[in-house]
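These are the structures in question, set out in turn.
Across the two complexes that follow, chain A remains constant while its partner is chain B and subsequently chain C.
For the complex of A and B:
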């Protein structure tokens, strides 16, 4: 299979590879996919609690070149965006940017899922944190 | 990873890209090409033309090739039928026996890691009312002879089990299988495509009644193969599957592919002469590759028996790295993967799954197929490259990180998609 130049570039020079402290309340972690399916993405974000801006994004991906490129691109795109803005990213945007062929569309879907899962995790933590804070102040 | 600069740095004696996928196909040996060339040009006759010198010359060449093929497998020349390749040979053997012996029985036994040319042929016969038993394989890729014995019944007419597997290179115990078949009066066909010319294979010693052979796996041309059909003890009869001019004793009509057949014959002759030495050399190269990979990487897994295996085959899983991404990183080396992403169906290799490996291990597999023209320098280059790319991809792999942290991946609730 021929890969687009952008896929090859992300594969050769993946952006934002790494791990954030998943116990931090500022960090949201999304782990999507399954080893049996041949792709697992872990995308993490660190959100500024004041501005809701994603200041840091990291990923690690087990998967084909297109899966690696999709998650690498996703981290690039969400960095600097607010959480709500990041949720606006659609898998079709990734397909277009990376010129993914039809058999690789699921890679872009997984990347979108990873963004949503990471943000969902962050929201859950902070919703819970706010609730705890509210409960503490009520006492 | 595979930067342009790195790809251009080939050590002395290595020309990129490196071909290391010899179980898929093999390059034509120039000695074979030389033997074939005249039969494309000046010696173009139809081997069935009985009334002029052009025909006689072609017929003579075909008969010489028949002898060469027969000699490689210990057969008589009259037992060799030329075909368009092993897929046709498998079809002809299985369908031909099924049709010819349908009054005696309707049961066929095969096993799950056969080539699709055998499995899909058997599936078609099931549609026509035949009963097919697909034997499982053990973790080492070999069938259990007890399973075979239990599967045989009074309706069994044919057992078809490959000599060597194309993906994992394991050598089935065909001699024992053949003996069991003969004790029960059941015919035994073997797809010997990967074995003939690579390891010792003799239709009499191995108790084989029908055997499929292909030229392009043994440094011959594509589009030509043969089927061995035993003529004595027992005399095997098959129904032709292609009707026409009655060529090949009526078993396979169609004008003979004379240059291809000459090439197959020459390839068999060379294989017979060089097999022993070549086998030793390939085994040493294969073991060198394995040793290098195992010494520098953790979580590697050899798929299939190492003891009963083709000399040139190494199938390894680099766990926590997906196969297609590994291929992408070693794109100046031609190998193949059992990963779903490299298959048309998006399913991981059914052969690896049959060994009881998880899909994740199948997704991580690479088949290295060493052949006649591979060198030690190439093996060293490939080993270094694979080690480098696997290490880089593992830095990217969340699974590798989790395992290193002591997390049990089987305990995680993955969302299959």
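For the complex of A and C:
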């Protein structure tokens, strides 16, 4: 099966590969696996606490070319968006942009899941931080 | 002996016309070979489907049938009989190879009960196993259990570091030390995955007992359980294989 040009491009020049400081409260980390093939993907975001804008996004994927391309594209798309806007990205958008064939749809699902997991983690951290602050001020 | 008693349609022997059970390879009356039997692999050996299988009995029956199917015995037989004996031999070998191995036997029982992994519909059971063991094919690799994600990710990082180091090939004293640490980490990871695999094997044996002894819904639950355990086991085996490869062991 031949990969589309866009997949090849992202595969050869993946954008935003790397790691952010997991322990920072501004950082959310999503670690997900594809049940179909056992591949794993980690996607991290750094969110501006004032504006809720995702200022930085990094990924590291151990998987097929489509998974690498999907996560690379995902980081490009979410950078500069607010957290809520980023949640609107659907795996079908990725499928369309990269012209993924049906057998590779799960690779794009992995990327969507990773975005959600990263945002979920960030929300949990910050929800917890807010709750702790509220509890502290209530005393 | 068929898995469903009511599907056992008696047929008449082509040679002596005495009626006999469809799944026997040889007529119980005159001993002549019969057209290849229907039924499952267990019935080839006249056994009930069980996961805790009597392996000595299986082997004994396999040798007995192999001898009876030996080509020398059909040298002077009719064309039909010779063909049947070849087909029976192939069936016997597939059945024996599948049933004597605990994992393949489990996979087979799940396939019989519609709880196979469903990705190879239409291909024979033996081909399916062969494809799965050819596990390098990404689509055939197995599920990532959620509780292992973290470990799997870290392992992949270490494997990548190892590969990069090998590529750059500069092993001065400093990086030699780092390398040794990396190898230690990988060895530890391998031991860990092997231990997890042993746990899976223990759980599998427990689920075998449930399936063999259970009423209909215990059995169904055991099947779900077995499916999960087999997936997890295959996944762990792939990890052990990858680490071993990287370590050159």
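Please note the rule applied: the second predicted complex is superposed on the first by the 135 of 139 C-alpha atoms of A that agree within 3 Å, B and C clash if a C-alpha of one lies under 4 Å from a C-alpha of the other, contacts with A are read in each partner's own complex, and residues count from 1 in each chain.
We adopt the following convention: a contact is a pair of C-beta atoms (placed from the backbone, for glycine too) under 8 Å apart; a residue touches a chain by one contact, two chains touch by 3 or more.
The structure presented is a predicted model; accordingly, all values stated were derived computationally and were not measured.
A.B. asks: Once chain A of both complexes is superposed, is A:87 in touch with chain B (first), chain C (second), both, or neither?
C.D. replies: Touch partners of A:87: none, neither chain B nor chain C.
A.B. asks: Pick one for A:40: touches chain B only (first), chain C only (second), both, or neither.
C.D. replies: After superposing on A, A:40 lies in contact with both chain B and chain C.
A.B. asks: Check the residue A:64 against both partner chains and state whether it touches chain B (first), chain C (second), both, or neither.
C.D. replies: In the superposed model, A:64 contacts both chain B and chain C.
A.B. asks: Specify the partner with more touching residues on chain A, choosing between chain B and chain C.
C.D. replies: It is B that touches the greater number of chain A residues.
A.B. asks: Based on the superposed arrangement, let me know which partner A:31 touches: chain B (first), chain C (second), both, or neither?
C.D. replies: Both: A:31 reaches chain B and chain C.
A.B. asks: Applying the touch criterion given at the start, work out whether A:12 contacts chain B, chain C, both or neither, answering first, second, both or neither.
C.D. replies: So A:12 only meets chain B here.
A.B. asks: Would you sort A:103 into first (chain B), second (chain C), both or neither based on which partner it touches?
C.D. replies: After superposing on A, A:103 lies in contact with both chain B and chain C.
A.B. asks: Touch test for A:53: chain B only (first), chain C only (second), both, or neither?
C.D. replies: After superposing on A, A:53 lies clear of both chain B and chain C.
A.B. asks: Just to be sure I follow: which residues of chain A are touched by chain B in one complex and then by chain C in the other one?
C.D. replies: 31-40, 42, 60, 62, 64, 103
A.B. asks: If we count contacts the way the header does, which residues on chain B are in touch with chain A in the complex?
C.D. replies: 1-3, 320-325, 328-329, 339-341, 346, 348, 358-360, 363, 395-401, 409, 412, 414-417
A.B. asks: Per the contact definition, I'd like the list of chain A residues that touch chain B in the complex.
C.D. replies: 3, 8, 11-12, 14, 17, 19, 31-42, 60-65, 67-68, 103, 106, 109-110, 113
A.B. asks: Can you list the residues on chain C that touch chain A in the complex?
C.D. replies: That would be residues 138-139, 141-144, 146, 149-150, 152-153, 156-157, 160, 235, 238 of chain C.
A.B. asks: Inside the complex, what are the residues of chain A that reach chain C?
C.D. replies: Touching chain C: residues 31-40, 42, 60, 62, 64, 103 of chain A.
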